[in-house]
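Presented sequentially are two complexes of chain A, the first with chain B as partner and the second with chain C.
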Partner chain A sequence: MKPSPLPPLAQPGYWLALAWLGLVAAVGLLAPWLPLPYPAAAPDLLHIATPPAWLGAGPAHYLGTDALGRDVLAGLVVGARRLLALSLPAVGLATLLGALAGATAGFWGNRLRVPLAAATGLLAAAWWGWSLPIYFIFILLIISTLLLIIIKWRRAAARQAALTVALPLDGLVMGATTLLGAVPRLILLVALAAGTPLAPAQLLGVLALLAWPEPARLVRAQMLRVRALPFLEAARASGLPEGRIWWHHALPHACRPLWAFTPLSLGGLIGLESALAFLGIGQAPDVVSWGSMLASVRQAPAAWWVAAGPGLALLLTLLSLQQIARFLAKKMA
Partner chain B sequence: MARWLLARLGRAALAAWGIASLVFLLSRLLPGGPEQAAQPEAGDLSRPVAGRQSAASQALTQQALRQRLGLAEPVFYVSRVAGPPVTWRWNGLHNQYHRWAAQVLRGNLGQSYRNGQPVTTLLAHAIAYSLPLAATAAGLAVAVALGLGLYLARTPHGWLPALVRTGLAALQVTPLFLLALVVVLLFANPDALNLLPDSMLDGEPATGLPALGYWLARAALPLLSLVLAVLPSLTLPLAAALHDEAALDYATTARAKGLTVKAMLWRHALPNALLPLLTTLTELLPTLVAGTVVVEVLFTIPGSGRLLAEAAAAHDYPLVIAGVLLTAAVRLLSLVLADVLYFLADPRLRPTA
Partner chain C sequence: MRYLWLGGLLVLLLNACSTPTAKQAASPIHIRWAHDPETLDPLTLPNQSAIDAINLLHLSLLQVDYQRNAYAPALAQELPKAQLVGDSLTLIDYRLRPAATWDDGRPVLATDVAFTLKLIQCPGLPIENSRAQFSFIRQVRLDPADPRHFVLVCRGQGTEVLNASGDFSILPENPLDPAHTLRQLSLAALQDWPTARPPAPVVAALVRRYQRANLARQPEHLPGCGPYRLAAWETNQRLRFQRKAHWWADTLRPAPFVLQARPRQLVFVILPDDGAAVLALRRHELDVYAQIPARLFQQLQASKAAQQEFVFYTNSSYTMLMAGFNTQRPALHDRQTRQALSRLFDPAGLLAATQLGEGNRTVGLLPPSNPFYNDSLPLLAYAPAQAIALLRRAGWQRWPDGHWQRPGTAAPLALSLRYRTGDATHATVALQFQAAAMQVGIPVTLVPTENSVLTSSLQAGDFDLYISMLKGSPMGFNFAPILHSAAIGSGNLSRFGQPATDQLLMTLTTEGNERRKRLLLRRFQVMMQVEMPIVPLFFLPYRMAVSRQLRHVVASGLKPGYAATALSWATPGTLQPAPH
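The block that comes next holds the complex of A and B.
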């Protein structure tokens, strides 16, 4: 969504927020090429809990070091990169998934009918994926072929509708959101991360899993409203196929609330991921993020510079996302 | 009406059971789960014998451990046997999931992997700390939210309400752990203000009235963090609802009758504005329980949240699953509470005699 050309001083909060997020993104993207004197995870044991360079001591530790001797500036940069590599794709994935699931559930409800034969074929494919006994596949294939033949024959003979089954799409989606909403997200995340340290891709998947129900509910509610509008009736009356109506006409309208919601969702997920890193659950000990840096201040409470950098960066990022969400909400209303 | 409530509760209970089952199955199916927690650490120097054991005896120890923890059985009713001819096997009722489910239904949550104590005992000890904390925080938060909401509705303009609004909006996006960390670093830091002690467990508990003061002083900072964390989500909707209600005709009538703004808001607008707040209340208690995880770790309170966090860090799955079940139970409780409050607050919902 491109904001309309506004004079830069009309919305100072919005432009400041954009500038900060742009800075974070640029730092995160350019992290491997920035001339940093120290790596993020390697401790400098000669300089433990050194104050920032402008306060005296440290050689080239511009923002000081923490209680383990890790450079704070390098940690900030790596944390910004982690934001880009983890939280942003997770929110993108969750929003995409949630929008599609919610829009499908809201548009078709529990009444989407698929040919029985197609359902059997799908089932056969699933069995194939789980490599069930071979004879099972043959049985299923024979059944579905027979059904197809019968349907064709009956259609030709009696001009009847095909043999169909109703897919309970709405029930499935709402059931999944209820299941994931049974406990707060932080508790669920802690429980799911309780095993061996998660790989970045796994953590991304878990975060997306926790985040998709919200956009799904939002889009479903909007789709229920959109479905009853006259222009959809007109589209149906003009003979368009259902899938095309859904994709071209209903989906863009149903996704409108997502513009204002996605920045907030990103903020929530960044907070969640930072909280997990702060608690130190499911993280490899050498992974540096803003949350883990904030946790390390507890080992040396006098070293305020360890908490100030990541804390401010995190707070500014979340406030910026809130500003942008507010601006988009006002614009879309 | 009772049927509707029952259906709602049934759905929520089913979801709670489903999510606990999901965590259980994942914990058993993922590699490096339970056994890892029960094994002595590789670098554990207190057990020098373990290093000198032969491979065969180590395998035997491992087998005995799996046998003792009940991990030797198949995980679920059906299991897939890998191999070039993949086969599926029906395991009957002798599987870990069935055993676990039966035990949980009897109220037995198993034993901790780390020290072998029953999970119910550990949880009962921990809840004795967490429940008063969360309940006090909930009560305080609701009271402060009512006061602030009424204040914001009474004086919509001016710099102080604007400041309060901005502060609340900023608080709304601040994660609880950051908030609590700031509170600790500001108020319980020997290098900054050392107003209040940040640890609940140093010093000896007294008896009688001094004990109350002691606990209040210890609980002040955790309570402050929790209340600040949930305050915006309670106050801002309430202030908006009060503002909307105050613009309606019945409010104007009440004002024309000669009531002050304060009395009109309190007696006439508040009961109507409270209804949306009750829905927020459903989410408040689970949020507080989740919040206690962070707050208890930070303030080293031996409550259920810290128990859960430590169990998760040590792969102690019986405790983790018990924590999930406990949180889901709290959510069930808050659903019932919100419905009961709805009936109390809204006479239209009461069954007519």
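The block that comes next holds the complex of A and C.
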């Protein structure tokens, strides 16, 4: 029997959090069609650091303007859209990468052996990724193909085992997560994003790169527990291939903690992206986000409304994500 | 013994209960700098902080008197006498102050001046700007009868030549060239040294010695004749200058303004962020804060507590906010495109938004207060319709999707705009231009750049447009360093250069006749408005807050906006009263 959804009064925090996140999502999705009186990045030169309209100080700037004359309300809306377009995909990508890497490392450990030809292929791919001259790739591909042909011939002819090489997956994944975890994330992010402003796709990639180790470690730890469970022994005994056991049986169980962890991870990435925007690193000045709006209060310290709007939005979003994570963790426990 | 104890306690109590009084004369004066000087090499001078610092360590023949906004004799005993030769040469006669000495006690002599001018022209030193700037001095004639008397033979005529001939730090010959090897080469020979030819061995050896001295970070390796020595330098944090206990100019009576050095210690606190600087001012970590942004200044002025603690100064300045085009880019090569794009700036709106309306709009590079200002030219105004018409006239066609392209060219009209990051005024100009250009279908990519790499990027021509401050002066009209084709790659950031304008610029710098100069300057302003290599937006006001405990405050429209060496702490009786 399926558990019935909790009534709103029983979990008011959860439902409020959900409502706030729904509002942010709706505003972000509908941003291009909302009837905003001012564009977010264009300055209104006649109204610099103007208080909100409801304080009776200005015309249609409902939440006031910042030190550069940009409309705060339009900035909040565009900031919500940026949240959806950047932090959400980044956390999705990071969770996917982390889950796959952690689950693979936890399931196979360092025991996995791959054909030598595949190892050469992997090496070739790595070198290709490192932008080596293209002829290297051709040489490696030729070597791989030749090795494959030799192996096939030897298998058929002499029925010998293929030449294999150990692939220390667990060591590689743990090494990478330790390496990335050794440097504080903000410092690493600043180092990666410093210089010319990054394109949205590049920033997304950088955020995903920084965020994948945590889900990877979590899933790996869970996988170490899962792989010793009796149902996996049974699956092996029934003769199912390892890959199928991993994909169909082990992975769904190992990924269960991610339900509760992903909202926290999203909160962390939103905070990180906002910090980057606050520092003004890695993004163009005409890109408005909640973090960059918070930064603009430094140019007009008396304009509290510039900090209040994005600050409150950021706080509520992070609290909501935390609330949801807590609820999901409780539910899973 | 018991009474002694009680007495001591009483003194301590009285001291603790007393209200804060005037600071001691030896207390350091804390001044805000927005940037680190980066180098203290007296020949390099990459920014205003470096110029200010070098002026404390070394002296020039002439220095700016901020009281009068004019050059006054510093190492020179008096203003030089000029003698015109023909229609293109000037002989400028200088005599050095007999009292002037280096830190090692040796007198400052004419040979030091000759050595400095030759050193500037030595091939191998990376000081192309200085080399170009002082290339008009062709010869130094020493007087065998008087070691402090010399005559500079200069190309050109006019006040600019006179002023510029004395505006460089004089360096001592003996520590850098003890064998006087450079004396065998003439100044003209060094200036005309072919670039393909390797430098003379004595020059190469001197350049090696100079570079080995590492004056950029350790200026104490070279004796100076200025009033201060560098006591500490924490990069990007602070610089502390200590007044020399015995400085040669202390004996001068009366002490000229440019040779007054009252503070025992000057501490320059580097605070790039204006908000942080205001906070530091309110916490008494700063005593002088110049060039405060308009809104922060307004808030400070409105604060009762700040009124009790600080005196506020506002001056018209000679610093202009401007935008420049890279005229060597194919899209910006023709003047009509530049004129069209200049109509997308809104100088009036920007002046109101960033300076609260204070400051002066201008038609060109001269401020409206200048007697040679061409007031018959129209002020630049925001006019997108005019911009569209001018673009069409320049051959651009608007496509159905809104972008602009010239027939026969592959690239549509799209621009990159470079400016200094962290500057709210520059950011506002950039955003305004971007929004206006977007409305007429021109995409603009903003490229905010760190101050340390901005100059090199601009000099390399890595931009379509840039926003910058142009430091001016009421004392000269030498625009060659920023507009002459010979200065492309150094000071001429717009990379503009035409034979006609080059000729006009050179004539301007050498013209001595007042009436002809007026005509030339008016023609120059017309030419600049037609060619539009740079878009003059407005002249900024200088705003400054100074502690009430400081005396002898001289606020000026010339950078840095104050005379640091003239300041002194007030004694209790001379504190400036706070307004009620």
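In the analysis below, the second predicted complex is superposed on the first by the 282 of 333 C-alpha atoms of A that agree within 3 Å, B and C clash if a C-alpha of one lies under 4 Å from a C-alpha of the other, contacts with A are read in each partner's own complex, and residues count from 1 in each chain.
Operating definition for what follows: a contact is a pair of C-beta atoms (placed from the backbone, for glycine too) under 8 Å apart; a residue touches a chain by one contact, two chains touch by 3 or more.
Here the structure is a predicted model, which means the values were calculated and not measured.
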First, second, both or neither for A:Gly106, with chain B first and chain C second: neither
Partner with the higher number of touched chain A residues, chain C or chain B: B
Contacts of A:Gly280 with chain B and chain C, given as first, second, both or neither: both
First, second, both or neither for A:Pro39, with chain B first and chain C second: second
Chain B versus chain C as contact partner of A:Pro301, first or second or both or neither: both
Which superposed partner A:Leu68 touches (first chain B, second chain C, both, neither): second
Touched partner set for A:Pro51, first chain B, second chain C, both or neither: neither
Contacts of A:Gln322 with chain B and chain C, given as first, second, both or neither: first
Touching partner for A:Pro213 - first (chain B), second (chain C), both, neither: neither
Contact residues common to both interfaces of chain A (with chain B and with chain C): 196, 280, 298, 301-302
Interfacial residue positions of chain A with respect to chain C in the complex: 39, 41-43, 45-46, 48-49, 67-70, 196-197, 280, 284-286, 298-302
Residue ranges of chain C in contact with chain A within the complex: 273-276, 278, 293, 295-296, 299, 346, 349-350, 352-354, 421-422, 424, 427-428, 430-432, 434-435, 438, 445-448
Of chain B, residues touching chain A in the complex: 11-12, 15-16, 18-19, 22-23, 26-27, 30-33, 36, 80, 86-88, 169-170, 172-178, 181-182, 184-185, 189-192, 286-287, 289-290, 293-294, 297-298, 308-309, 311-313, 315-317, 320-321, 323-324, 327-328, 331
In the complex, chain A residues that touch chain B: 130-133, 178-188, 190-196, 267, 271-272, 274-275, 278-282, 291, 294, 297-298, 301-302, 304, 307, 311, 314-315, 318-319, 321-322
